[in-house]
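I'd like to ask you about the structure that follows.
As written, the chain order gives the labels A, B, C and D, with residue 1 at the start of each chain.
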Amino acid sequence: MDTFGRKFRVSVFGESHGPAVGAVLDGVPAGISLSEEDFMEDIDRRRSGARGTTPRREADLPEILSGVFDGHTTGAPLAIIFRNTNTRSQDYSRFMDVPRPGHADFVAMKKWSGANDPRGGGHFSGRLTLPLVAAGVVAKKIVGTAIDINARLIEIGGVTEMAAIARRYNNEGASGAFPPDGMHGLDGGGKDPVPDTVNSAVGNRGMDPSELWRPELDQAIAEGDSLGGVVECVITGLPAGLGEPFFDSVESLVAHAVFSVPGVRGIEFGHGFPAARMKGSQHNDPFILSDGKCSSNGAGGINGGITNGNPMVFRVAFKPTSSIGKPQSTLDFSTGKMTELVIPGRHDVCFAIRTPVVVEAAAAIVLADLV
Amino acid sequence: MDTFGRKFRVSVFGESHGPAVGAVLDGVPAGISLSEEDFMEDIDRRRSGARGTTPRREADLPEILSGVFDGHTTGAPLAIIFRNTNTRSQDYSRFMDVPRPGHADFVAMKKWSGANDPRGGGHFSGRLTLPLVAAGVVAKKIVGTAIDINARLIEIGGVTEMAAIARRYNNEGASGAFPPDGMHGLDGGGKDPVPDTVNSAVGNRGMDPSELWRPELDQAIAEGDSLGGVVECVITGLPAGLGEPFFDSVESLVAHAVFSVPGVRGIEFGHGFPAARMKGSQHNDPFILSDGKCSSNGAGGINGGITNGNPMVFRVAFKPTSSIGKPQSTLDFSTGKMTELVIPGRHDVCFAIRTPVVVEAAAAIVLADLV
Amino acid sequence: MDTFGRKFRVSVFGESHGPAVGAVLDGVPAGISLSEEDFMEDIDRRRSGARGTTPRREADLPEILSGVFDGHTTGAPLAIIFRNTNTRSQDYSRFMDVPRPGHADFVAMKKWSGANDPRGGGHFSGRLTLPLVAAGVVAKKIVGTAIDINARLIEIGGVTEMAAIARRYNNEGASGAFPPDGMHGLDGGGKDPVPDTVNSAVGNRGMDPSELWRPELDQAIAEGDSLGGVVECVITGLPAGLGEPFFDSVESLVAHAVFSVPGVRGIEFGHGFPAARMKGSQHNDPFILSDGKCSSNGAGGINGGITNGNPMVFRVAFKPTSSIGKPQSTLDFSTGKMTELVIPGRHDVCFAIRTPVVVEAAAAIVLADLV
Amino acid sequence: MDTFGRKFRVSVFGESHGPAVGAVLDGVPAGISLSEEDFMEDIDRRRSGARGTTPRREADLPEILSGVFDGHTTGAPLAIIFRNTNTRSQDYSRFMDVPRPGHADFVAMKKWSGANDPRGGGHFSGRLTLPLVAAGVVAKKIVGTAIDINARLIEIGGVTEMAAIARRYNNEGASGAFPPDGMHGLDGGGKDPVPDTVNSAVGNRGMDPSELWRPELDQAIAEGDSLGGVVECVITGLPAGLGEPFFDSVESLVAHAVFSVPGVRGIEFGHGFPAARMKGSQHNDPFILSDGKCSSNGAGGINGGITNGNPMVFRVAFKPTSSIGKPQSTLDFSTGKMTELVIPGRHDVCFAIRTPVVVEAAAAIVLADLV
């Protein structure tokens, strides 16, 4: 079902080329200040336009249909929609015969016996992350400013953030110490992969990913190919005790929400996959303060599925964009023969660039359900 | 909540040292042949005893309390319990003052204001995976024999299955070609990480992990330390069309269930994290047959959150066992000072060895809910 | 939460004087023919205009935002909204000080600490039954034409349908036998209160309730007072076996949905409350055919919470409209003193007249979730 | 599904003649004092033995399997079972050929294709109300002593409580004023049917129903027939603001839970069905105090689906026991011909006598989910 959450419940709907996409949020507490302007910062972070993202420009203006009165939430369900304004009638019949590799064209036809809306991916479109981001804006208001949810790209096309920053320093003769104070990340060297403090100035809000990874993006554009990336999300200010044992562990809920975002291939918490290669004496986080503060954070802020008061840290792997200009040899289902598919138009070379705010939204939705 | 699933719903309960652990399964179809003997194979796979696992021996005999009549399921809820027979009264008060690093001792106290059952981890104990495995047995019966769910260890302590097998060939002068026909895995070299066929003869059912990784396990035992591992699960025979778009994607549901298993640090599907380093032209899976069969399986059998008829492939990272004999410096919450903690008794050196059948159960529970 | 259903899930949102009311329907099967015109018949049945209903006229035109493509449902969530076009800015501040007796003004303020939308009852408005009726239209399509859901008024202001029809015959010298063939109902005499066949020609579709009960309605209008009524719903064509034992009995689900309709005071199935005064030998329904057909239907088509193949029969009691012109003595919360409240404007004298289609919708939503 | 509730979740399982019946309670707050003795008072109220109830005697001793440690709830799921000790192997094959009128024998066979447990009604047995009562005991502890939940019989076999009490006064020459101070009820005269205070001394705890309605019970026993009854539940001490608008109105939730109890034919709140015959000026409850206190309580303490701080009042109609000794003419499904069925053994002549505590449990479970 297209619904998530128990106490704060999010439902999303819409298709890429239908009249609108939207979300209904149930369980929003009454009295939260909210207007349509409040959505614009996160919507802008998700919007296309940067190098490597699609030139399709939607106004992406939210319209609140219910649940807000006099500038505040009312406690009743909050419905918000985004009209699809840029839905030129393209020829999508090609993709019904030749489902695009990596896309949901084939499974949608199988699941719904051909009754699905095939235009632009229909309900499977990445455009559905727009109402998710909107839900995230409300969720962030619910969890409050004491909890900071901060996601950024730490890798594109196999080049880590640290390597990309170092390249800029070298290339541009930037002044100041390197690496900049507080910088961190998956640096490939395996050192301190999961610090428990975050300097958001080094986050992607501070440095434009389409500049940081410009060489990789330009090359992929030139090849008609695409790139994937890794997003890291760090959440500070969490109280200890969120989450439920067993089925509703914090990791279960966050992973559930994050894997709803199109294109995710993996998620890991704390030390993540490298933890499997560590010894217990290396991976355990000794407590050092009575509020649960540990001297390391390999658990990513979670013990037994419950937050322990340390920063929650997780990383999400995004695949490269499936739509590529480069010719692909795949089956023509109408003829039963292999054919060469070239997907026309321009697409995100690396849609992962647009996803940090989406990952934040997924995390915020989970936390709004738990706090 | 300790409940998972919509149409096939699993609830687990129990504590490590309470009277019993158990599960209630709702939505079990009527007429499935089922007896207590049917549980024993998977329970034995989970049971302790192998090198590197704890010597605590429970009879682990299931008792079906309801939902079965005359050797068949009735359609009514199926309750199954396992008495805890080996619950010697150990001194756990130490862990209330000095919560064990990596364990849920601290968060349980915080969440439940000290009212939690602290004995043996209480409800957070790995013993809760026993009713999960029992639920998996029923779930496997629901999904039917056409769908094969097969998990095995592919890495312990940083040594891949392929490396461990090669070592055995070299050491023992085993005859026959190497690598054995059909072998595969995460071999560290990045070649063909996700084959779409599985030769279960090379799986851990065929070769005892405690023998394959004997050197690593023996060393960790000698050091009083512990090891982690990676489990790969391959599911064949799936129809196309399972899963729901957005929030109930197959990945979302499987990840949700898998992260309920204690000690999981990450999950990845298909190419997983390495997908983030690939180009679209490398990662896309071209269709080659009209049933959805692809020439590669980087998506792990899932497009847009829906199964595409190719084998589902995912990998799960388990941390090293948190309980270690080696002294750890951590906070004594009763004094506010650091202390040296030595956890008495013997524990699983690598509990990951016991988890493949648990991962299968988690996957089976999801599939039983979807088919 | 404003969500109902497990496999067919309905969420409603909106306020009486906000931008729109609407519903999101999840779990709609793909391939069902559906257009905006399909909603009009039931919407017209619910619409105001008859004697005894409010003169507020809304266009009540549905707009489908998602889930429909090329005249058919797609399988993706179906969102439908109704713009509120007649939301003149009335002075509602009076009702914040003097909450209207029988209305939700007081509880909304308490629940949401005054942040609720007070205009026209806000989210508690009977206008929310409009998206419910829309959901019912889709639900009826899902259950199919073999199942007929038919609700009608059987009592207004204490005068039964049979008595009202008899009065018309007497007053108007209508020709033909009386009572008309197939007529039935709660006639006050206790005879055959629950027949198992229905002649819908005698239902309210055939005879306008505002004419049948014209004397009662005219008198209430003259007094500035209001009337209640009883609706009977008969569902034929049901297969045996719908519903779940215990918590999700058919009665539980139908009652849950029906009590979501504003103004409901009671629901009874089959013989209903009179069953408590019968003996087992009178109330039991002997089986007479191998499909489960019984010689009587005191159980209203349900045994043990499961449909038995006989018609489902239930009755719903609606209270008189709470908004009356007649002065009421009630508390002024701003002064702490009793005051005389006269609610301005015109309101439904008997909103129950508009509810049969709403009751049908509630029943249809439950059945769409079960079939 | 056999699960109810969102935050406090109850699952029941078991069959009448299986090994055990039980319940799993999820969402129980930690730290509530609880032992097996705490269940006995309500279990005794439900137990058989009074005139008109079955002589089958079960020990009905609860065993807590999890969720309690050191005399307090732990916050983890609480599992409780009751062994079935009195399950003599009766001949039930007769009821597979000749399903008992009014019972679930027929629908269970249809729903589960004959795989159901037919012994003693299987999962449909009234014995399943035992774990419901146990869940109610815990639920009452969760809602706390400030909220009093009090159900009692107000009618058996068509004779109201008031009439039965008057009869005793007349017959026995009881001293003191009649009616006793504070007495109330559905007295048939339509006066003050829903007072907002309750004198529990007049409730059935104070006066044994099997004595009050002795003539009716004795006559039904003599005839081999059975009786129904009406239970009224009054809940005081409720805060204003419980419940959700629309689908999760308090009435929706209470009705959902109550209709899960076998044998319920109807439920009504406040004035109930008679409200449909009242005018708005009669039925509205004017506010008189700033805490929401009204001068009447026709709404039964609920406005717009939300508690308004006045006592919640509802009544539940129970059918007469379906199992009767009197011969019934019904279909023999094995021959396709009508046969005469005499149900052997002794059964509750009026199982409604045992239901007040079950109705309380259903209400308590709802409230524990809401508070």
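Some points to look at:
One rule holds for everything that comes next: contacts are C-beta pairs under 8 Å (C-beta built on N, C-alpha and C of every residue); 3 or more make two chains touch, one makes a residue touch a chain.
Quick caveat, the model's predicted, so the values are computed rather than measured.
Between subunit B and subunit D, the least number of touch steps comes to 1. More inter-chain C-beta contacts link the pair A-C than the other of B-C and A-C. Subunit C has its Cα centroid 49 Å from the Cα centroid of subunit B. For this pair, subunit C with subunit D, the centres built from the Cα atoms lie 27 Å apart. For the pair subunit A and subunit C, the distance between mean C-alpha positions equals 43 Å. In subunit B, 1-3, 6, 12, 76, 111, 123, 245 are the positions where the chain touches two or more neighbouring chains simultaneously. For subunit B in complex with subunit A, the touching residues are 1-4, 6, 10, 12, 99, 101-104, 106-108, 110-111, 121, 123-124, 128, 155, 157-158, 220, 223, 225-230, 240-241, 244-249, 251-253, 255-257, 259-260, 262, 264-273, 275-290, 292, 294, 298-300, 303-309, 317-324, 326, 328-331, 333, 336, 338, 352. Within the complex formed with subunit A, the subunit D residues making contact are 6-7, 76, 245. Interface residues of subunit A, counted against subunit C in their complex, comprise 1-3, 9, 11-15, 18-22, 24, 26-27, 30-31, 63-67, 69-70, 72-79, 81, 111-113, 115-117, 119, 122-123.
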